[in-house]
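Okay, so subunit A shows up in both of these, paired with subunit B first and subunit C after.
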Partner chain A sequence: MKGKTALLIFQSLASRLASILMASLLAFMILESSPGSVIDSLVGDEASQDQIATLERQLNLDKPLLSRYAEYMLHFIQGDFGTSLVRGRPVVELIGERFLNTLVLSFLSISLATFTGFGLGMLSAMKYQSWIDTGILVAVTIFLAVPAFSGAILLTQIFSINLGWLPVVGGGSVKHLILPTISLTIPTAAVISRLVRSRMIEELRQFYVITARAKGLSPKEIWQNHILRNALVPALTFIGIQTGHLLGGAVIIETLFAYPGIGRLIVQAVFDQDYPVVLTSVILIAVVFQILNGLVDILHRIIDPRVGESAPVS
Partner chain B sequence: MKTLNHFTIFTRQWIVDLSIPRTNAGGKKRAFDLFSPLFLGVLLSSLCLIFAFAAPLFVDLNPNSISGVRLSPPGSEYWFGTDALGRDFFSRVVEAVRISIWLSLLSTLATAIPGILAGLWSGYFQGWVDNLLSRLTEVVLAIPGLLIIIIFVARFGPSIYTLIISLMITGFPTFFRITRNETLSMKQQQFVEAGRSIGLTDTRLIFRYILANIYPALLTLLSIRMGNTLLIISGLGFIGLGMQPPQAELGALLASGREYFYIAWWLYVIPSIFIVLLVLGFNLLGEGIQDHLRH
Partner chain C sequence: MRKLFIFLSILTIALTACAIRSNSDTSQVIETPSGTAPTEVQPTTVQPAEDDLPVRGGTLTRAITSEPTTLDPHGAASSGQNVILPYLLDTLIYRDIDNTYKPYLAEKWTISEDGKTITFFLRDGVTFHDGTPLNAEAVRFTYQRIMQEGSKSPLVSSFSNIESIEAIGENQVVFHLKQPSSTLFSALSTAYAGIISPSAVEKYGDSFGLNLVGSGPFKLENWQSGVSISVIRNEEYKWGPSILKNQASPYLERILFKVVPDATTQLMAFQSGEVDVIFINQPSQLEVLRNDPSAQLIETNLNSLVYLGFNVQAEPFGDVRVRRAIAHLIDKDEIVNTALGGIGTAAFSPLAPTLPGYDESLKDEAPLYSPEEAEKLLLEAGFEKGADGKWVNKENAEELSLEILTSTRAPNEAIATVIQEQLQRAGITVSIKLLESNAASELAAKGEYQTMLWRYDWNDADVLNVYLSTSRIGRTNRSFYSNPALDEILEAAAMEMDAQKRNELYSEAQKILIQEQPWIPIYSPKDYLVIRNTIVDYIVGPMGRLVLTDAWLKP
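On to the complex of A and B.
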């Protein structure tokens, strides 16, 4: 049994690593497969053929695609993430702080969304088919349709411009974090609350609830030990994925609030065709994404041991 | 190979949510049932469609001509006011709603059709094609979708084609995996075996037996994907990666009205309302289809 578990974990790690590698190749190909090149954005139209050729050799752009990718990955594995082609600074320097900023933003909003989502979803399920449930369901359904940036503009208008409590744009202090966090939290919390609600209602209909009642457990105990526990599973899966999506998908909110996160850096770097910056960021995000999904898998197994028997580690 | 059965939320969280029958188990009538999702969804979507596609028949629209005063508030002359350049905002909104609907529809269909066909094939025949496609979708799912879209669109320049292709790349795995899993479980049902035993061809079995049974789930997915796509497209438009001016979809329209929030609220409020109505309409439609066809 132990050997089997170890094998499963190894398989899972290997397939996650393979996914990351393939994903980086995909990103590399998207970035490199077009006729336009970084040279144009560096020298402009007036450069002579000679100058271009020299620059190509310097930046290693004269080799074929796959060999450049292999070379890049070799360096990457050794911890050398390269230098920004446009900004001339090491990629680590450029990415480090911004990646941290985005991590902070994503984790703050996912935790906030988890709490509110669970709270609302549970309340909804406990008061199933009452006006509270209906109210929450209607509100959540509407919030699901509001784009994060639209809500963000309204929040900025109220809290930054009308009331003057919070800064409009920028980053660096706790105050700068509040509005972006809330903007990202609202849609996520809406999804979580719907997931939790529907799963809890489904659980309430199971026979084990009646059994548990019959053997003398109080409703509170049933909710805590059985229903909440079972409702955790789909919510967790979503939370794991959503955190990953926030890492890459916070771009719009980051742009709106001029928040110094990784998303804005990536967009800028793509426009500049600064592929070491983009690639490193993408791989970093993919790695965090896979780690999160791995953690969710493990948690999933702890919460619901039945999973381990039938399903492979994915 | 068994897959976790909560897999569906892996990509589209709503599907699981929708799997709860909305029956009146307790016999109590809920207020929300009076306005069933299907009815509301059809109502909202068709209102938006009528607005976008019928308005040009009755009103003279000139979204790009600079006509009146700048930033004039909504009134009898300009129903939705004018924007910062003095263009009739009503015309611009009609145009934007139309572009948004077309873009979402096109990219959703461009995603769904190959995704569903590949999913049917993979689930039914399995084998190496299934293996390859499953691996490929895993690779795409290893990077957050929006990131792929943004890199792709920024790389190849914002246009309708890059938008649709990037949405295809990121949306394919969802349709593929859900169709594949549904097909796999349908294939094990007795009626398929019965069909095979009386000598029906694979094509007939796939389309008349399997697809006919899983299409409610796919229609739901399609409708919700429409709403989702609209949100993504307007998000891209908002940061300038969507349609290029003077053409504008709702996100870009909203972005240009953002600076004038204080003096010209309508430039922000009206596009926002239309995005919400459209997305809400598609989401409710999806839920309604699910309720209606499955239970």
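On to the complex of A and C.
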């Protein structure tokens, strides 16, 4: 049994590592095969052929594609993340603080979203088909339909311009976190509450609930030990994936609030075709994503012991 | 589970509470004086200060759209860098709004008879922020650095005409040129030609771009990656350009440049009082700010032009009749009014109206909107209108169609769409290829396009030489247009030191280009500089450069 668990862990680690590697290779190939070159970002239109050739030599751009990737990855494994081609600064320096900012923003909003999403979802399910359920449903649908950026603009208009409570732009303090966090939380919380609600209603109709009641369990016990437990599984999966999305995909919100996160940096680096920055960021995000999903897997096993024994639950 | 919920709710409440508290400590109230009408100031004017004495101190906050990748003036250029550098660096000469050159670090200069030797005499007592003297050697060092191999300076091509630079004594710098050059002055007046401290370059090495040391009115104070860059008053400063009233250190204590990538957010940050200076070019934003008494709106002279350029190697656009026919089918006023909401001026010349050498009198020679004229030209060029109303080449039965290549930068798509609509109305099928700007540039450079909707921002009429002369084919001449008569005129103009004669040459050049239409000039863009009304005595120079040495904040 022990050997089997070790093998499972090893398999899982190997597949996660492989997917991180694939993500980096894919990012590199897509970046390099797209039109344009980093040289365009370094020098303007009037650069001479000599100037361009010199820069290509200096930046090793004259070497073949795959050998550049291999070289970069070799250095990466040794902890040398390289230097930005455009900014001339070590990638670690560029990414470090910004990645931290993004982590703070994503985890704050995902926790808030989980908390409110579960709260609302459970309330809806418990008061199924009452006016509370309908009210929540309407509110959630509205929040789902409003794109994140227009919601963000509305929030800014109210809290920054009309009330003057919160700053519009920047980062570095708690004040600066509030509006971006809320803007990211709302749509995520809406999805989670929908997931939780529908799963709980489904569970309520299962025969084991009747059995449990017949056994004499109190409604509270049934909710806590059975229904909530079962509803947790799909919600957790969603939360794991959504956190990954927030890490790289909060670009719109970061741009709108001029928040110094990694999303904006990646987008700029992609436009500049600055591959050391893009690759390092992609790998970092992939690693965090894999860790999170590993955690979600473990949590699944704890919540639902059946997961480890038979085929994986989708 | 319940414990977790309770914990989380407490956490949320605590977070919100401390956020609100920290806000109330620092929140500032912006007073908007009542009864002040929003002002629109002409670009040349200096805002009068109502006889008040300037007040020292205060921070001015300005939004920048993109964070500079580096502040090294010889590193990768970016719009953010271009905004910040003029405050940190001084140049030899200052370019005034009327495009004349005024003394700055150079008190005076002489040009030899043959135009090949230019001597600048530097003023005494100028020091860099690190205390080292700004002398002839520092100037030579700076320019040598631009010319060295692997330089990323945008001035490399402007400097290619320099044979050598010589420093004589403490304050004489001599330029030895291969040919006389009338474009060198405009290059030397840009911030990219600002003088940098040689000892700081040595000290910081590769990280000089993060620790820029110049001699300008402000010194680099702090750079918070992704958020802001702040510069602080240089107390020693007393060598501003001769046009300034204040020949001492600036009144403002600090300028804070906040990175705000989104235009809507910039406007909201202005409204909330977080930034004092923004640039806008969207009609809806202009409407909002016209009704805002705290905003001063200044139309800026950008030296820019948006044009539809042909690839003359792509048939049938090598035929001048076809190019002129298409020019006759484009209603530029309609473009300005619909796609741009009236912000911009319809253009007819390939030179921006604010550039020296622009000739307004040529307007009558330009092809105006006239479908009849276009029809005549197309028939002449061997096309006929098919039964479906489309133009078809009589010889090979090919339909006349064109593709517009442009970048995703606003408002390109809107303009391209209006052009598409206008040409399709006349029976020419148009497709639009929208690409991210580096990708669009690459296609354009390879000549893999038919027409491109492009924009230049250039502060000299030499722009025609850069983009349309034969010698630049394969580099900046993406139209592959070649006209020996034009080349001769442009070459002569680039060497002509007499302003009058130079303008006459450019007038000739414009005449040819208006005739030949390798570019269909569409409009010259306008930007508005928005400045909070508590700021007075600023100066707006060419290309929207905001000079703040005289400026101060009304308490």
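In this section, the second predicted complex is superposed on the first by the 302 of 314 C-alpha atoms of A that agree within 3 Å, B and C clash if a C-alpha of one lies under 4 Å from a C-alpha of the other, contacts with A are read in each partner's own complex, and residues count from 1 in each chain.
Convention: a contact is a pair of C-beta atoms (placed from the backbone, for glycine too) under 8 Å apart; a residue touches a chain by one contact, two chains touch by 3 or more.
Remember, it's a predicted structure, so these values are computed and weren't measured experimentally.
**Student:** Does the subunit A-based superposition show subunit B and subunit C clashing or fitting?
**Tutor:** clash
**Student:** Check whether A:98 is in contact with subunit B, with subunit C, with both or with neither, and answer first, second, both or neither.
**Tutor:** It touches subunit C, and subunit B stays clear.
**Student:** Taking the superposition as given, does A:271 touch the first partner, subunit B, the second, subunit C, both, or neither?
**Tutor:** In the superposition, A:271 touches subunit B and subunit C alike.
**Student:** Is A:53 contacted by the first partner subunit B, the second partner subunit C, both or neither?
**Tutor:** neither
**Student:** Once chain A of both complexes is superposed, is A:302 in touch with subunit B (first), subunit C (second), both, or neither?
**Tutor:** neither
**Student:** Would you check which partner chain A:70 touches, where first means subunit B only, second means subunit C only, and both and neither mean what they say?
**Tutor:** Neither partner.
**Student:** Tell me the contact category for A:88 with respect to subunit B and subunit C: first, second, both or neither.
**Tutor:** second
**Student:** Go through the superposed model and pick first if A:15 touches only subunit B, second if only subunit C, both, or neither.
**Tutor:** After superposition on chain A, A:15 lies in contact with subunit B alone.
**Student:** Look at A:7 in the shared chain and tell me whether it touches subunit B only, subunit C only, both, or neither; answer first, second, both or neither.
**Tutor:** The answer is neither, since A:7 touches no partner chain.
**Student:** Applying the touch criterion given at the start, work out whether A:157 contacts subunit B, subunit C, both or neither, answering first, second, both or neither.
**Tutor:** both
**Student:** Intersection of subunit A residues contacting subunit B with those contacting subunit C?
**Tutor:** Residues 34, 153, 157, 161, 255-256, 271, 273, which sit in both footprints.
**Student:** Quick check: in the complex, which residue numbers of subunit C touch subunit A?
**Tutor:** The contact residues of subunit C facing subunit A are 1, 5, 8-9, 12, 15-16, 18-20, 22-23, 27, 29, 63, 66, 69-70, 75-77, 149-152, 154, 156-157, 160, 206-207, 209-210, 224-228, 258-262, 264-265, 268-269, 271-275, 435-439, 441-443, 466, 475-476.
**Student:** Can you tell me which positions in subunit A touch subunit B when the two form their complex?
**Tutor:** For this pair, the touching residues of subunit A are 15-16, 19-20, 22-23, 26-27, 30-31, 34, 129, 131, 134, 137-138, 141-142, 144-150, 153, 157, 161, 191, 194-195, 197-199, 201-202, 205, 233-234, 237-238, 241, 244-245, 247-249, 251-252, 255-256, 263, 266-267, 270-271, 273, 278, 282, 285-286, 289-290, 307, 310-312, 314.
**Student:** So in the complex, the part of subunit B that touches subunit A is made up of which residues?
**Tutor:** Subunit B residues touching subunit A: 1-4, 6, 9-11, 13-14, 16-20, 25-26, 28, 30-32, 135, 138-148, 150-152, 154-156, 227, 231, 234-235, 238-239, 241, 251, 254, 258, 261-262, 268, 272, 275-280, 283-284.
**Student:** Over in the complex, which subunit A residues touch subunit C? Could you list them?
**Tutor:** 34-37, 40-49, 51, 54-55, 58, 84, 86-89, 94, 97-98, 101, 111-112, 115, 119, 153, 156-157, 160-161, 164-175, 177-178, 224, 228, 255-258, 260-261, 264-265, 268, 271-273
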